[in-house]
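Each in structure tokens, the structures are laid out below.
Each of the next two complexes has chain A plus one other chain: chain B in the first, chain C in the second.
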Partner chain A sequence: MRRIAPFGLRTRLIAAFLLVAAISAVSTAALTYQKARNAILAQSQDMAVSTLRDQLDSKNLRIPMDQETLQALVSEFAKRGKPRPWAVFGEYADLRASSHINPPTSSVVTDELRRQVVSANPHGAFQRVEDASGTPYLTVAMPAVFTHQGKREPTGLVVYAVMPLTTERETVDAMVDAAKQGAVPGLAIAVVPALLAARGVLRPVRHMRRAAERLGRGRLDTRIEVRGADELAGLARTFNETARALEQSVSELQDAEVRARRFASDVSHELRTPLAGMLAVTEVLDEDAERLDPDTAKALRLISAETGKLADLVEDLMEISRFDARAAELNLDDVDIAVAVTKTLERRHWDDGRVTAELPSGVRARLDPRRFDVVLANLVGNALQHGGAPVTVTVTALPGPDGERLLIEVADSGPGIAPEVLPHIFDRFFKADAARTRSAGSGLGLAITLENARLHGGTLYAANGPGGGAVLTLDMPLEADA
Partner chain B sequence: MPRVLLIEDDPSIREGVGLGLRRRGHEVSTADTGEAGLALMGGFRPELVLLDLMLPGMNGVQVCHRIRETSEVPIIMLTARGDDFDIVIGLEAGADDYIVKPARTEVIEARIRAVLRRLADPSGVRPEVEHHGELAIDRAGLTVARSGDRIALAPSELKLLLHLSASPEQVFSRQQLLEYVWEHSYHADARLVDACVRRLRHKIEDPDAAPRYIQTVRGFGYRFGPVQGARR
Partner chain C sequence: MTRLRNAAAAVAALLGPPLLLAGCGIKPTGVVESGAAANVVVNAPDRAGVVYFVTPDDKLVPSPQVDSTLPSPVGTVLRLLSGPGPQERAAGLGTRLPGWEGGAPAAVSVSFTSPQSIEVKVPFTVMDLPELAMRQLVCTVASVAGSEIPDVRVTVRGPGTTLFGERCDIGR
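Our next item is the complex of A and B:
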């Protein structure tokens, strides 16, 4: 399943792309705005200042002035506003004149501007202000001067021109809007390469993840298509090399295991024929031993007994080899489980009180009778040999999720199995005590028992009972499938 | 003591088994190939054949077929466990029983005795010849005839038929039949029973109809009858 990680590679890549796009859009817009705004404003200012100065310079002023002259002056100036129409105010001593009827003096001409123009700047000054309603104005103050002994002296007349900057503001606002309108789709468009880049990175990463999962499931022939020559392609190449190396070593191991198993099988097979001949004559040895001298008799009986054990061991090895080669077959039949258990105990003469069985009546099972006999005989034999009598065999049939189960518990009265030994008792040739000498069995009994249980679709559990003895449990379907 | 023909290619088994059986009083003749064994059949007239399945040249199954063409002598196959396929083929070819090698002489002899033993009549108060449908079973003469024609039955087939027909309509599980007819342990190979039933049906049943005499009871085993029609 594909999960969308909140802080996954994709999210992070898109966020980074958007951030970069936003920063570049904002900084570009900000710089452009500032430059353009200054350029536009400076152009208007310069033109207004120079126009006013030219007009004032071109006038022959008579000083002192009266109210009428001042009014005529400002009215004339007001008609020639550049770059746009303006309102002109004249101030001379106590006289005030305005190109407009009201007010006689402008509310946007600040004291600061007045001070600048009177004290410091005989060339005039300007200021950008906003009135109470937020409309921007350019105010230009221009003193009328005369030249006296090479110095420009103020005449006392100051002309103020007030020009609204609405057009300039609109131009600048339009630029801001344009920047905004450009930035938003720009950011949206930036998502596309972000997604493409994320895809370009994520697809190989996803392939690699799938490949790693397949590899983990044991599909060692998994390889990734190497595309391009970037870092991801390098990673894919490394992955492939690793997988190839892994496959090779696993296949070498498997080959070695197959060879080892085949060897065990072949050896057992080759041993079987001479053993068959030897086993057929052990009786002759046993019978005639009585008539020979004691040492020879002992030797013959030893050979006879060991031949039997060797034959059992070889048969067990053959049986294990068939399980390993998956050549073991189930020959199923329908049996009454109570009869089957009883017959196994009777056949080995365990029905003499050492083994008690709790059996359900009338329960029929479908199983391989020979293998079932081997399983039960091994479990009970193991309980008698390593645990101790009395041994209790409890058979129950229980409903399970996949049909009825057959549970057979074999509990002994021994000291139980040491916890560290429990996981190993079904291992081949496992000896609980390393120093212990060869036991009666081949050492394969419980391993074969487990394989037989598995062949029936079941399994074996080993545990210690509440009373201290070991409890081995066979759990298999009541009706096995061939 | 019966005359036993041992056909076995491996010299150690041939000599070992031959030695063991002779010590127990059997008259044993041995052959190392199927062809040699067949050649001995006429002159030696064995009462039982011990036949290795894995033979060079003519294999055990072919030998079994050839013997059955002319004789109903008991045949016991010598096999190795794991040769499951061969066991089934051998049983289909007409073998009465099999022994898994390696085996002690006492085991081999027990099998020989079991195959040769006459089935004891459980009741003993029956008419000598019973009629079931078209089948006439002579328990004393150990012969079976179908519509008047005598049918040649191998020992295991005859014993199985006698056992089943002695208690008509009673169901026997395969394991019970293995114990009674083959004298095996309860946990023996049920394929012996199935193969024998197939051979028996082939000889006594109508091939185009469902079995009348040897009927399968699913999940339990086999029973004889009930035979529909006249029972005289």
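Our next item is the complex of A and C:
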């Protein structure tokens, strides 16, 4: 039921939340990291530069220097490295001194730095470098100047301090680790509000889809609970209003239809009693027709025949009204299908060769014998009237997906049914030939047949056979349910 | 349009963090100047001149007069002309000026020709002097002028040639 669509709302919401969380986490971490790293490095650098300057400042020097003085100076400075121990190198003209035994000059002090501090107007300077193994170093160069006649002149002495930045690097790396460790749980936590938000959006959507499906199945009283005041609640409200309007329209239509059917039913009921009287009278008059003059007798017989048709029509109308009112009932009985078909044909006197029947022996069906008789009589009568003899009735019992089915095919030898007429032949009062407005039947025969078939849980198909004649097929379950 | 905006947002989202993280670790820098140089104390009389010698990598290095007696300007120039002493030589200092093996001191003279200029007379041709030697001479002479004259010009007079308006580029 709950599918995870690759680009569904839920996936997109989670992706968006994760993206936002990732961007904010990474940006915050990166900016914090940069600031903190620069602050740490700046502090170390400034302290190293100012410590070296402070130590060299106000020192009493005798120039030109000699090797011993230079060595002593360098050794003294080396003891006071800040913020961390450092190595100190002194350079004066040709003289080189180092606080370490070896080497006398540093391998990480660059020529760039050397050039910078031996200018005519030297300043203190530093440079961050990496040695061959990638270890970061801070190199500080501090030239010594002296004041002569109010001018500051370089003495030619430059003191270099070299300090490894391994501690700073560890601190910086620790910050990166902390940022990474903080970002992953942050992203995991971001999934929770994403899921909640997705739920908040998806639940109303799911409700609405179910409601729409119910509405589509005909449950017009379906309503959605309106919760909150957001866009989705507005949508739900609109849905409810639409459903209400739809329900109202449909119920008005149904009422109108019910009224129309009831009118037809009432009319046929009201007509039946006077018609019964008229039928009785015309029968009596028919018997006396021979004694009347021929014109009057002809008129009388016409009245009698039309009255009979009117009675049939009223009977059919009442029958179809019962179907419409769902008042039609099945009186089921076990019958031998071959016997039932034969009886129907005999009763209508159709056993004179115009109708041939192919009947299986010993097939028993559970159906309403009276209604089955009506159905079959209608189909065969229709075939004889509109198609033509010979008419073939084929009865077969077939296994189907919902139990065994009874198939009764009635094929005539007429010209068949025109394709444009085919979908309408079960409509009420439908006339295949528009010019022939008056026919022998009431126009309700096939409609009643279809209703009877439906009552048995079956249906009717109309088609044209390969030989050209019309084929009407009754398809109903062998065992009808009441 | 929306498609384009989405694509731009996606690219920004994908590229932003790596760009921010690109500056990870401790990166090497160029040379950064940081504050003044250290000011040391040299035990030399302020009035005395300073003699400039040359390091092996062609830089001028001062050698202040540390004697207790105040030498004359000529004395200072003579000390320059006689070349580095043993201590200077031990430190690797040298000179680019031509040798002057105890010639007559009268051949050397220093005199103020105006409040802003000072003239030195040397016993060798100044025309062909290397630039470094010239700077040695000019700066040494300029140093005897004293602090009262801020921007001193030096005239160098040799046999046959005189160079006017030389200035020393050392010191502020």
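The working rule: the second predicted complex is superposed on the first by the 458 of 482 C-alpha atoms of A that agree within 3 Å, B and C clash if a C-alpha of one lies under 4 Å from a C-alpha of the other, contacts with A are read in each partner's own complex, and residues count from 1 in each chain.
To be clear about the criterion, a residue touches a chain if its C-beta (ideal position, glycine included) is under 8 Å from a C-beta of that chain, and two chains touch if they have at least 3 such contacts.
Model, not experiment: these values are computed from the prediction.
Trainee: After lining both complexes up on chain A, report clash or fit for chain B versus chain C.
Mentor: Here the two partners, once superposed via chain A, fit next to each other without clashing.
Trainee: Let me test your reading of the model: by the given contact rule, A:T356 touches which partner, first (chain B), second (chain C), both or neither?
Mentor: A:T356 contacts neither chain B nor chain C.
Trainee: In the combined three-chain arrangement, what's the angle at chain A toward chain B and chain C (CA centres, steps of 10°)?
Mentor: After fitting both complexes on chain A, the angle is 170 degrees.
Trainee: Touching A:E287, do we find chain B (first), chain C (second), both, or neither?
Mentor: In the superposition, A:E287 contacts chain B only.
Trainee: Just checking: does A:N240 make contact with chain B only, chain C only, both, or neither of them? Give me first, second, both or neither.
Mentor: Neither: A:N240 stays clear of chain B and chain C.
Trainee: Between chain C and chain B, which one touches more residues of chain A when both complexes sit on the common chain A?
Mentor: When the residues of chain A touched by each partner are counted, C comes out ahead.
Trainee: Applying the touch criterion given at the start, work out whether A:T396 contacts chain B, chain C, both or neither, answering first, second, both or neither.
Mentor: A:T396 sits against neither chain B nor chain C.
Trainee: With both complexes overlaid on chain A, does A:S75 touch chain B (first), chain C (second), both or neither?
Mentor: Neither partner.
Trainee: According to the stated criteria, A:P274 is in contact with first (chain B), second (chain C), both, or neither; which is it?
Mentor: Touch partner of A:P274: chain B, not chain C.
Trainee: For A:Q149, select first, second, both or neither according to whether it touches chain B, chain C, the two together, or no partner.
Mentor: Second partner only, chain C.
Trainee: So if I take every C-alpha atom in chain B and every one in chain C after superposing, what is the smallest distance between them in Å?
Mentor: 69
Trainee: What residues of chain C sit close enough to touch chain A in their complex?
Mentor: 13, 16-17, 20-21, 23-44, 46-47, 50, 53, 55-56, 59, 61-64, 66, 87-88, 90-93, 143, 146-147, 169-172
Trainee: Considering the complex alone, what residue numbers of chain B touch chain A?
Mentor: 10-17, 19-20, 23, 80-82, 84, 101-106, 108, 173-175, 185-191, 219-221
Trainee: Mind pulling up the chain A residues that touch chain B in the complex?
Mentor: Listed in rising order, the residues of chain A that touch chain B are 272-284, 287, 308, 311, 314-315, 318-319, 322, 327, 329, 331, 333-336, 339-340, 343-344, 347, 364, 369-370, 372-373.
Trainee: What residues on chain A touch chain C, complex-wise?
Mentor: Within the complex, chain A contacts chain C at residues 19, 22-23, 26-27, 30-31, 33-34, 37, 41, 45-46, 49-50, 52-53, 55-67, 92-95, 110, 112-113, 116-118, 120-130, 136, 140, 142-157, 159, 165, 168-169, 172-173, 176.
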